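Next come the structures, one after another.
Here subunit A shows up in two complexes: once beside subunit B, once beside subunit C.
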Partner chain A sequence: MASAGGYTQDLPPQGGYGPIDWAKRIPKRLNGYAVFGGFIAVTAASWTIFIHRRRIEKRHELEVNDARIAVFPLYEAERHRMLLRLHRQNRDEERELMKNVPGWELGTFYGEPVYHNLRDRFHHVTLEELYAHSKWYDMYTKAFEKLEH
Partner chain B sequence: MPWKETDYLPSYEELTVPELTMTTPVMRAGALHFGKYCDNQCKEFMLCYQETLDPRKCLNEGKEVTRCGFEFFGKVKKHCADEFMKFHECIDFSSRDLIFKPCKKQQKIFDDCMQEKVGIERPPVGYFSLTRVHHTERPKHTLPEIPLPDPIPDPPSVEGRIPKHKHWPKHGLLS
Partner chain C sequence: MIQHLISTIITYLLILLGVAFFTLLERKALGYFQIRKGPNKLGIMGIPQPLADALKLFTKEWVTPNFSNYFPFILTPTIMLILALSMWQLFPSFMLTSQMTLGMFLFLCISSLTVYTTLMAGWTSNSKYALLGAIRAMAQTISYEVTMTLIIMFYLFLTMEMDIVSVRMTNSPIWTITLFFPLSVMWLAVILAETNRAPFDFAEGESELVSGFNIEYGGAGFAFLFMAEYSNILMMSLMTSCLLTSTLIMSIPVAIIFLWARGSLPRYRYDLLMAMAWKSFLPFSLATLIALTPLLFYF
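Moving on to the complex of A and B:
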C-alpha cells in the first residue's frame, strides 16, 4: 500500500517470529491388538450381514423355482399334444407323397422296418425327421428359438 | 418315417382341446396357487410320463391337467381379477426374468384374496422344489412281453484237452 513516502518496509510481525519447529514428530500409532480386533469385528459384521442377505436371496430364488416347477405340467401337456399332432401330420403327408410309389409301405423302407421297435415304444426322433416335410428354416427357427429371447 | 399304418397315433379330434392361451407373466403369477389346486392331476400326469416315456399313453392325464388349469384360472378371474391383474402386471414390468421379489406387496394382497374368497392357501416356500410322494390307483405301466430266442448252448469243456508247456511256471500269476 503505497503511502505518501512511496513504500512501506516489510517487517516481522508484532512480537517477533515464533520458535522454529525443529523437533521430530512421530504420528501416534494404533496398538497391534486394536488393529486385529478391528479387523475381526468388521469381518464378523460383514459375514453376518452377508449370510443373512444370502438366506433371503436364496429364498426368493427358491420361490421362483417353485413357480417354474408348478406350471411345468401345463406346458408339458400342451407340448405333448403338439408333438403328436406333428407326428400325425408327417404320417399323413408321407402317405400322400408316396402313394404312387410301388412297394412303399408306411413306416418302412420298401417293407424293411427302419426302427427296431418290437414293444410298441414311442419314437423320440430327431428334429430333422420331425421337420422332414417342412421348409428347412422352420426347423432352425424352432431349434434356435430360445436364442432370440 | 417312424410310424407304420398299424401303429397307434391319436386322431386330430382327440388332440384338440381348448388350450390356455396366456403369456408367461400371467402363468408365473398364478403358478403357486395353480400347483396347489391341481396338485393331484399334475403329479398323476408327470408320473405317467415318467413311467411310460410315451406321450400317447398320457393324453387323458394331460387333458385333465389343462381342464384343471381352466377351472383354476376361471376361479381367479371370477373372484380375484383385480388383485391378479395388478400382481401379474407388476411381475411383467418389474424385472427381466419375472421374479417375485419386487412384487411382494401385490403378492400379499393376491394371497389374502385367494385365501379369503377361493380358499386356496399359498404353499410354503420350497413346497414344489421338494420331492413329493404321489399315491395313484392307475396300474403300473409295463411293456408287452415278446418271445425271446432260445439260449445259445454252452461251449464244450476244454478241461484236459490243452497240454501244459514243459517250462510253465509253477508259481505266480501264470501258474
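Moving on to the complex of A and C:
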C-alpha cells in the first residue's frame, strides 16, 4: 500500500529521546557582600549628589528671596497708586451720579462719612464699596487674586 | 472659579475612565498569569468590557438587607467614592489651577478617613461576615498608616515643604528612591497593605469571609466601592511615583506591581501581618527617620 505523498510517521528522533531533565535547578545566588557593597555605593553616591544639588538650590532660593525683598517697595507703591486712582474715579462718578440730590455731600452718606473714621482719618472701605462703580468681574479678579496666581 | 470647576470635572471623568480600564488590565493580566485568556469576546479584543460591566452593575436592582441600617448603608459607597475622588485634587501636575500648600497633609487626612467608610460598610450591613471583614481591614489599615506616615515624613524632611509639586521637584537632582532603597521596598509593601490588596487582602478574605466588608452590596453600591478601591490603588501608585521618582509615568509600573503581587503571591497570615507592621516596619522606619534626617542638617 503506497503512502500518500511522502507521508512519514511521527517517530522519536534518531537515537531516541534524550534523558529526562529532572534535576532541581537552583538559581545562582548573588554574592551578599557584592549586593551590600553595591547598596552602600549607590546610597553614598546619591546622598552626595542630593546634598550638593540641595545646597545650590538653597542659594538660588536665597537670591530669589533677596530679589523679592528688593522689589517689594516698588510693588507696594504701584498698589497704592492703583488704589488712589480707583478712589479718584469713584469720587468723580459719585459727583456725576449724585449731582441732582439736594444736600448730598461727597464722600458721605447723608452726613455720615464713608471714607473716614471718627477721628477723621482715612480707613479702607470694603471691596464692594471700592469697586461700586467698576465692572463686577474687576472686583472678583481682585478678590481671587491670590487664588488665581 | 470656573477653571477649577472644569479642571476638577475633567479630572474626575478621566479618573473614572482610568479606573474602568485598569480593571480590564487587571483581568487581562490575571488571565495571562494563570495561562488563560481573560475577557476577549466583547467588541474588539474585549476592550469595551469594563463599560459593559458598569452598565450591568448600574442597571441591577438595588437590594438592601432587611436588618441593615438603611441610610448609612446606602450612604457608605457614596462617601467612599467621594473620598477616593477628592484625593485626585492633589494631582501633582506642573500646570495646576490651584496650589495646595499642605497637599501631603490633605493626602494623609483623606487616606485616614477611608478607614471609617470601611467600618461603616461593615457595621451597617448587620452581617457577621461584613463586620468581621471590616474590623480586620480597619485594624490593618490603621497599623500600616503609622508606617506610611513615617515613610512620608522621611521624604518630607528632604523637601521641607508639604506641597506635593515641591515634593515631586525634590526628585529632580536625583531620584530619592536611591537615597535609601530598603525604605522604598517597605513603602511598596505598605501601600499594598494600605489599599487592602493581595497578598494583604484580609478585608476580602473570600476563603473565610465570603467577600468581606462589601458582602451585602450589589449593583451600583458595589460598583462604587469597587471604583473607590481602584481609584485608591491608582492614587497610591501616583503618590509612589511622586515621592520616589520625578516622573509620573513611573506610576504605571507601580500599578502593574499591584497586579503582579495579586497574581503571584498567596495571602499572608493575619497575625504575621500585624507583627510585621508593629515589630519590623515601625521600628525600621522610625530608625531610618532618626538616623538619616540629621544628615540634612549637618551638611
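We take it that the second predicted complex is superposed on the first by the 88 of 149 C-alpha atoms of A that agree within 3 Å, B and C clash if a C-alpha of one lies under 4 Å from a C-alpha of the other, contacts with A are read in each partner's own complex, and residues count from 1 in each chain.
Here, a contact is a pair of C-beta atoms (placed from the backbone, for glycine too) under 8 Å apart; a residue touches a chain by one contact, two chains touch by 3 or more.
Everything numeric in this text was worked out from a predicted model, so none of it was measured.
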Clash or fit, subunit B versus subunit C on superposed subunit A: fit
Partner chain(s) touched by A:119 [first = subunit B, second = subunit C, both, neither]: first
Subunit B versus subunit C as contact partner of A:43, first or second or both or neither: second
First, second, both or neither for A:128, with subunit B first and subunit C second: neither
Which superposed partner A:94 touches (first subunit B, second subunit C, both, neither): first
Touched partner set for A:138, first subunit B, second subunit C, both or neither: neither
Touched subunit A residues, subunit B compared with subunit C: B
Overlay on shared chain A, then closest C-alpha pair between subunit B and subunit C (Å): 11
Touching residues on subunit C, where the partner in the complex is subunit A: 1, 98, 158, 172-176, 178-181, 295-296, 299
Residue ranges of subunit A touching subunit B (in the complex, touch as defined): 59-60, 62-74, 76-78, 80-81, 83-85, 87-88, 90-91, 94, 105-109, 113-115, 118-125, 129, 132
Subunit B to subunit A touching residues, read off their complex: 1-5, 7-12, 15, 17, 19-20, 27-28, 31-32, 34-36, 38, 41-42, 45-46, 49, 52-56, 58-59, 61-63, 65-66, 69, 97-101, 123, 125-129, 143-144, 146
Residue numbers on subunit A that touch subunit C, as the complex places them: 39, 42-43, 45-47, 49-55, 57, 144, 147
